[in-house]
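Each structure below is given as structure tokens.
In what follows, subunit A forms one complex with subunit B and a second complex with subunit C.
And now, the complex of A and B:
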């Protein structure tokens, strides 16, 4: 039996804004197993980043506020932990890397200073131990001649190199969980592939569980074992990676898959976009939040909110439809041509 | 770095020369002369005085002599020499050379200015950080209100209030004069207060901007305690606007010290800055202007260097 290391239940986060209360995250729950990669997918503003910032107490407050739920890490609720205790976990047991490596490193400090302060704090390293460790870590993430580069500043590194530094820094205390918030979005395609490959390798050698936040289905296919799809602050589908690509259960997932360009597709084939705009989180509809954009929408979807329900032994979806097969013809045509 | 300093030194000489030339002719373009008084002088007497001070010579000749003296290569009677700059005798303060007057006044003004600026920096930066961290609550509003008052209140008024409070009501400090450090506390406070206020505002804005940066989130995600994030990760970036304000602040303190020096009877250079110009005491006015040029130029070089020290992305060139 694989061990669960993080269990999130009914997490809700709200933001008080001038336009009203935004329910950024609404009763989100998931579990993370040791050593696996869990994908959190969805378009901008669907709450995938906020969910993870909330776990580490990093939601800017005000305006943000965690209004309910729990996040159990080793049996302890992260959401109710004292600031001191939580900061001993942050960067140590649970580390995080961010979307934009160009702005995530402090431009005023050397790489050495930024990397050593983590291990000096959490692992009680002396400065010389910390430097040695940091150089090893930089070597592990593929930075050439780390013993001299470590004394450089972030602006002397390229985007891909900076993300490697971020990864090295995040992994320097051997965390059990690595939260990667769109780590490849700001990088160009060849670098993206390298970074993903690096993360896979490090996961195998270190056994770190990764929560991969992304909107890129290509990244999901490449690295994730299981996937959760989020829409308007809720999880709308949970599945294994194979299942999700072979047989999406939620119309939104289907839409996401249809909007991915494929090499095999003929030049005449058009990419399908999901019509309409993401919903206004201040005024969510009573029924299914995806209903206005859904091509399978029924009468019932307007009045009632579908809850996550089991579709297969390992997959759940928040949709009233048992199967999207009726329209499979359409998506099959676009997928398999 | 060495190349930067050499370049700056050359520009410095050019700047000094320009300031000298412009001031020289501007001062003399204004109607009236140093020896015009209420009482008309006998023509012979006037001629003799003018001869004594070489004012009877043509302008270009005076210019060459004065420039040579200031550069340290000519003596007053036109002989070659090699030495320190000589700014000549004062036209209005008898028996004193400009060098002597400046040697007397500059230490007082310098002490006052440095103290005022340090005071402005220490209080301003501290208040700014406190305000930024307590954003939009009572402390922030209080500090910013105080800062606005500090900028708005004229310093002679603040000086009067200061004297009433700390000399008459609570006899802690001397009212005026010069001699010990305690004589400088009140004047430096009054002179530095508006700058403290301004620096507080700059620090607060800078800090708030930096605190929104991604790298601050990274620092928190690393598990660093808040104090360390602010002092180590945020402060440097937040201080950049303050550093660039130091140049203009130094200029303001130099030229603004006049009022404070009057109120507290300090015989610094600030007084001469205005009086020499009004009395057409050309050499003294020139001396003070040149001293101010040197101070300001040095200050700006220091600002540039601090910038490069604070921000590794900036290269001196």
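And now, the complex of A and C:
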């Protein structure tokens, strides 16, 4: 569990748009250990998906541009790798599953054709080997009678089944890293529970490291070991899963946790929403990007951008405040009113 | 319209059915998609009735049928004691002033070529409310009410974020001073922090204006927060319905229990300890015909008799459609 397999340092991605330059990802850094699940949490536009697209060389360019940083996978920088070399890693050693299983499968190809394509390319399987392998994989992800279903087309599968196919396909080369971008967001809760369970089982048996991109704090609590919270293109908090929920260090994390209604708690007045809107990435404030929405904001936050700093041995946050505890008690009181 | 007695619910459906005929295959009998298959529920003045269930359970079709936007196959819909499901389009019109709807997708439900002012004043001009000048003032008042700057009147939908667009949709629904708003997944397309803002807004408006909501959602936590009573739907049927607290503290139907235990909780300690009831399989196609209970295939407490006996929704305060309700689910 201590072996680092991916190390991202100071990754920055920009998009040139008509409105101006969008700093989608700003000096993001993290490490990923073998066999762990790292959560990347944040709301739409916070840069969590772009970060991972950048790792796989999938940022559309133009308008996108990786302007700095490195991503070391087994000592090699993914960001400077040749297209050919990267394509040997992508889908093979590092695989990705997307939110919408409807649009990420090709509607004109059978599941068999789509699944064999990957292993024939990367593992140099013959067609019959590849089919055999694909059937085993489909069985592993819980698809009944895979021998016959493999010859079907995507439209013949339900949403949950398609996501299983995507996972089977992503795992068919036994990748070391699986990047899952909101894999259960489009699914119903009972199916979501099945898919999360499946991912945990596969991780246990294969030792795959998972980067879980999500906005759902419930999913984070369920599957992640460590969590990074992103806001406006930056990582604002890094912590272990337990720490993050027990004692959030960044006001944004606290706000996120407070604004989620709980299924096991009865309604107590109003939800503690975070006021305002996420910032416009073209015109970011000079100081802390969260300052306009922050209920702890001080004079200093307007002028200076807080850097990630150590708060506990395993947790870092980009905030000038040492602790949010006193004010957390305050937030509970206002909730009872 | 006759004055209803105080016990008459504002809105009521009785054994409502909405069937769609599926494409007939040659040599096969005509099949029907039973989107809503015998749902009876009532909405009282000033309350929020939550309706939960997974995709395809018929909760949105139910809302559309109430407004006459989906064909009612059998059963009835009553508004203030008056039967409205057989109304013609012309008869239905004045009712749309009383019952409004807000939709899930704030991007698709606003006309991109209309300014915010036009969007919000359009319902008023359709119902010939106010003078032209007053309409504009009223629209500005509504924008202010839903937390948008009234100066945005001349802007277009694309200039707003998802949460702001949902506020515009809410202002549009309020433009004709309705009594009931049917909310079809109004917050599920929004980010969490924005979701909380819109939920708070809906609650505020309910208090200020005395609105009744039929609140459709798949997020059980959101429904617990906002609803006074909750109905759980599965494959066109209401399987359980009672007060919110009773439902969440003491769920009876095996499907409700599975739904509640599948929702991940934002608490890692609880998540690691919990023994979730993992529901096997998926929702069957609504074309399937069921001699017995439609939850049979996925049920964890089923008995042989369930396959042939279709359980009715029974009870008064706490209605459940399962004779084995509450039976212990074996650990597995």
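Throughout what follows, the second predicted complex is superposed on the first by the 325 of 337 C-alpha atoms of A that agree within 3 Å, B and C clash if a C-alpha of one lies under 4 Å from a C-alpha of the other, contacts with A are read in each partner's own complex, and residues count from 1 in each chain.
Keep this in mind: a residue touches a chain if its C-beta (ideal position, glycine included) is under 8 Å from a C-beta of that chain, and two chains touch if they have at least 3 such contacts.
As the structure is a computational prediction, the values presented were derived from the model and not from experiment.
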Three-chain arrangement built on subunit A, subunit B and subunit C clash or fit: fit
Touching partner for A:117 - first (subunit B), second (subunit C), both, neither: first
Which superposed partner A:196 touches (first subunit B, second subunit C, both, neither): second
Touching partner for A:158 - first (subunit B), second (subunit C), both, neither: second
Which superposed partner A:43 touches (first subunit B, second subunit C, both, neither): second
Partner touching more residues of subunit A, whether subunit B or subunit C: C
Touching partner for A:309 - first (subunit B), second (subunit C), both, neither: neither
Partner chain(s) touched by A:261 [first = subunit B, second = subunit C, both, neither]: second
Subunit B versus subunit C as contact partner of A:174, first or second or both or neither: neither
Partner chain in contact with A:272 - subunit B first, subunit C second, else both or neither: second
Vertex subunit A; arms to subunit B and subunit C (CA centroids, nearest 10 degrees): 70
Subunit B versus subunit C as contact partner of A:245, first or second or both or neither: second
After superposition on chain A, the shortest CA separation from subunit B to subunit C (Å): 9
Residue ranges of subunit A in contact with subunit C within the complex: 43-44, 158-161, 188-194, 196-197, 215-222, 224, 241-242, 245, 255-257, 259-267, 270-275, 277-278
Subunit A residues touching subunit B - in the complex, by the definition given at the top: 56, 58, 87-92, 95-96, 98, 100, 103-110, 117-118, 121-122, 153, 155, 166, 169
Contact footprint of subunit A on subunit C as seen in their complex: 54-55, 161-164, 191-197, 199-200, 203, 218, 220-222, 224-226, 244-245, 248, 258-260, 262-271, 276, 278-279, 282-283
Subunit A contact footprint on subunit B (complex, rising order): 213-215, 217-225, 228, 232-233, 236-237, 310-313
